[in-house]
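Each of the next two complexes has subunit A plus one more chain, namely subunit B in the first and subunit C in the second.
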Partner chain A sequence: MTAAPAGVAALLALADQRLPSGGHVHSGGVEEAVRGHLLTDGPTLRAFLHRRLLSVGRVTAGLSAAAVGLTAATVGRLDAEADARTPSPAQRAASRAQGRGLLRLARAGWVGPHVDLVWADLGARPHHPLVLGCAARAAGLGAGEAALVAAYLAVTGPATAAQRLLGLDPVEVAVATLDLGAAVDAVAREAAAVALAAAPPTGWHALPDDGDPLLDLLAERHAARGDRLFAS
Partner chain B sequence: MGLFHGDDPHAHTVRTGGPLRVGIGGPVGSGKTALVAALCRTLSGRLSIAVVTNDIYTTEDAEFLRRNAVLPDERISAVQTGCCPHTAIRDDITANLDAVDDLVERFADLDVVLVESGGDNLTASFSKGLVDVQVFVVDVAGGDKVPRKGGPGVTGADLLVINKRDLAPLVGADLDVMTSDADRVREGRPVALVSLREDPAAGPVVDWLLAELEHHRAHTAGAAPAAAPHAHA
Partner chain C sequence: MRSRVEVVADVEDDGTPVLARLRADGALAVRRTGPSTVHLVGTAAGPLDGDVVELDLVVRAGARLDVEGVAATIALPGPGDLAATWDVTADVADGATLRCAPQPLVVCAGARLRTGTTVSLAPTASLDLVEQVVLGRYREPGGTWSGRLVADVDGAPVLRQTQSSALLAAGPALPGAAAARSVVSRLLLGPDVPAAAAATSGDAVVCPLAAGGALLTAYGADLATALRHLDDVWPTTPVAGALHGS
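Presenting the complex of A and B:
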């Protein structure tokens, strides 16, 4: 067994759901899927998580990887790329709310992402993947690690929400996310490769842009409800 | 019993500038929302107040406050807690901080922000990152053993409110036992025995809050002098 590469502790911290950046109030569509009886048990949770990984996971992994190389001059362009890949206004709001939360933590944790960018350059409510990429950079991590955290969070956040809402066996939920491990790795690897090959900012049009109308619809229906437990 | 017995109860950290942030926690049905409504009703004429609610289904408590017209709508903000009200006030306070920051941005003159937790259990308490001081509300009908059982809210809150004192004879609760048990575990921190039904102005809690506000202003670097008229009752 080889020693873990440098920066792994920071990687684990960024991927930790206990990181106080507001993720726990977002279900990633799970609450609405449970309401609609689309998500009812372990097998339907697995299907939901896999589907979310291949859409939201790919997109946020690509954006996070690209954000590692962000400069003050390119923030606006990557923000627009994120909007373009997030057609649901409710999902955009959820992404920006979580970006705001992570930015509060990042400001406290690191002086800035790097010499060509200060936290204020990101604005007050940046998309979550942009902040994640910058935080990864600040922590000494690269595009691959940023993509990995994004892809992982695309699965684990909703998994925890499903556990709370359905009272599923926590071990069953944990195993569902463990079984997705190879798929998470692959999504992150491919997204990071695209981001690293793309010349910023014009090359960013090639970043993953997989969509899922079902998740968009769930997000919009959820946002219209007055009686919701989760913010998204 | 007096409200202000014991030594200086102001051991909390004081943040620099901004309104006094007051957490209001306690079990379901103990009277948290009624207390928030009472404080707003009594104080909104002389202080600039805003409220953040953390309800199970988002808006129940906010709607109650709106219906009772204790504050204008735009001064009430409801946050979702992801099925976990305790996490939202202690372990990951992001959603609540965002709500407070938005209110502070909207109302530059805010004196007090009340953060009402979702109904939880006796282990609930607020993070110092979210509030300056916290009130824990229990009620007589919940049983006179509650103060003895303790928990971070009962023992550590800056003010323990024992509500529904008027119900004591009806439920066979011994108020002396409740207050002496509370005193024993609270190391001198104040306890207020109230009935929000009989005293809708929440007199003892208002007095405590005004004293905390004065302390907050005096110890807040760069804060404006306490120009707002607020006389102690």
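Presenting the complex of A and C:
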């Protein structure tokens, strides 16, 4: 048996939902989908998670992979690329809230991402994938691993929210996530390949930008409610 | 087949609109139908798989260009090994306005189509871009489609978005409800676009963009429903009547 490559423990830690970065208060559209009876059971959860992986998962995987190579001079451009891929204001706010939470943790965990970037360069409310890419770099990980964590979190956060909201069998939810494993791997691999081939900052134009009007709609319907359980 | 349309709109010193360039070849013709309005006219079936269509639009400083269509474009399966491509590139200078609202694009069963719209705006340029996609004719399953919309203002990214038939077909949908077969997107950019809050109406959403302007998206089981939702969510300047004479 071969030993796991270096950095796997850090990778697992970044993908762990117990990481205290505030992700647990976001449902990624699940709460509104449950309210609208779009998401009612195991099969509809699987479809929702797959759809989210192919849109939000691809976009955040690409941005996280690109952020591994971030420098102080290119932060503004990647931030704008993230904004341009997130038309929904509620989703932008959710991304920045989770970015701030992860930044707080990263500041405590690592001195800085690398010699050409300090945490303060990211600003007070950076998009989550930018912080994730920088934290991956600080932990000694590369673009492929950053993309993998992003794609994985695009699925697992909403899966947990659905389990809580619908009272689903935790085994069924876990299996739904496991069954998406190959698709998560593929999304991360493709997104990282695009990010590595793109010359920053203008080449970031080519990063994945898959959008889903359904998720935008759910995010804005949710934001307009006064009686939310989740922040998004 | 390769088709290419080039339109350059300009304005003379006395304010008279001119079309400094107006040419088309392949499966498309272009006709001037008003001082600053052109209509696209399909002169052959398609696009079929493997066809390449390019529209190159330039609106010079202070000018205006309205691009419309006379009929829906019907993407059909064909002998080509590759998907058909339909690419629009637009360059809008300071103080200029581009309104581009062609008729719907219908992607028939078995057809493969990739569309791309890339818009570069100067800081004070204005844009009103409407894209209507219908997956399949009446009672027909849709073909394979992906469409990318890219907008930059003053060289900075404003919108990057790819939509695809695969994603729209992926669930979940309301039990018993028809799948979303029609998508209408409208991108409004420029100094005259009113500042709007995010809003929803039916299956339509207004998304104020971080860099200014707004993206409106509506979907529905048919195009009329999607357009109705779109105008409900943005009643300021409706498009449905203008597009379909209703």
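Miscellaneous remarks
In this text, the second predicted complex is superposed on the first by the 231 of 232 C-alpha atoms of A that agree within 3 Å, B and C clash if a C-alpha of one lies under 4 Å from a C-alpha of the other, contacts with A are read in each partner's own complex, and residues count from 1 in each chain.
By definition in this document, a residue touches a chain if its C-beta (ideal position, glycine included) is under 8 Å from a C-beta of that chain, and two chains touch if they have at least 3 such contacts.
What you are looking at is a predicted structure, and each value in this text was computed from that prediction instead of being measured.
Annotation for subunit A, partner touching more residues between subunit B and subunit C: C. In the superposition on chain A, contact is made by A:85 with subunit C only, not with subunit B. Contact with neither subunit B nor subunit C is seen for A:114 once the two complexes are overlaid on the shared chain.
Once the two complexes are overlaid on the shared chain, A:39 sits against subunit C while remaining clear of subunit B.
Of the two partner chains placed around the shared chain by superposition, subunit B is the only one that A:100 touches, whereas subunit C remains out of contact. Judged by the touch definition given at the top, the superposed model places A:26 against subunit B, while subunit C stays out of reach.
Using the contact criterion defined above for the overlaid structures, shared-chain residue A:189 touches neither subunit B nor subunit C, since it reaches no partner. Shared-chain residue A:48: touches subunit C; no touch with subunit B. Contacts from subunit A toward subunit B in the complex involve residues 18, 20-27, 97, 100-101, 104, 161, 164-165, 226-231.
Against subunit A, in their complex, subunit B makes its touches with residues 56-59, 79-84, 87-88, 91-95, 97-98. Put simply, subunit A touches subunit C in their complex at residues 33, 36-40, 44, 47-48, 50-51, 54-55, 77, 80-81, 83-90, 92, 205, 207-214, 216-217, 220-221, 223-224. Residues of subunit C that touch subunit A in their complex: 148, 150-151, 156-164, 166-167, 170-175, 180, 183, 198-200, 203-211, 215, 217-219.
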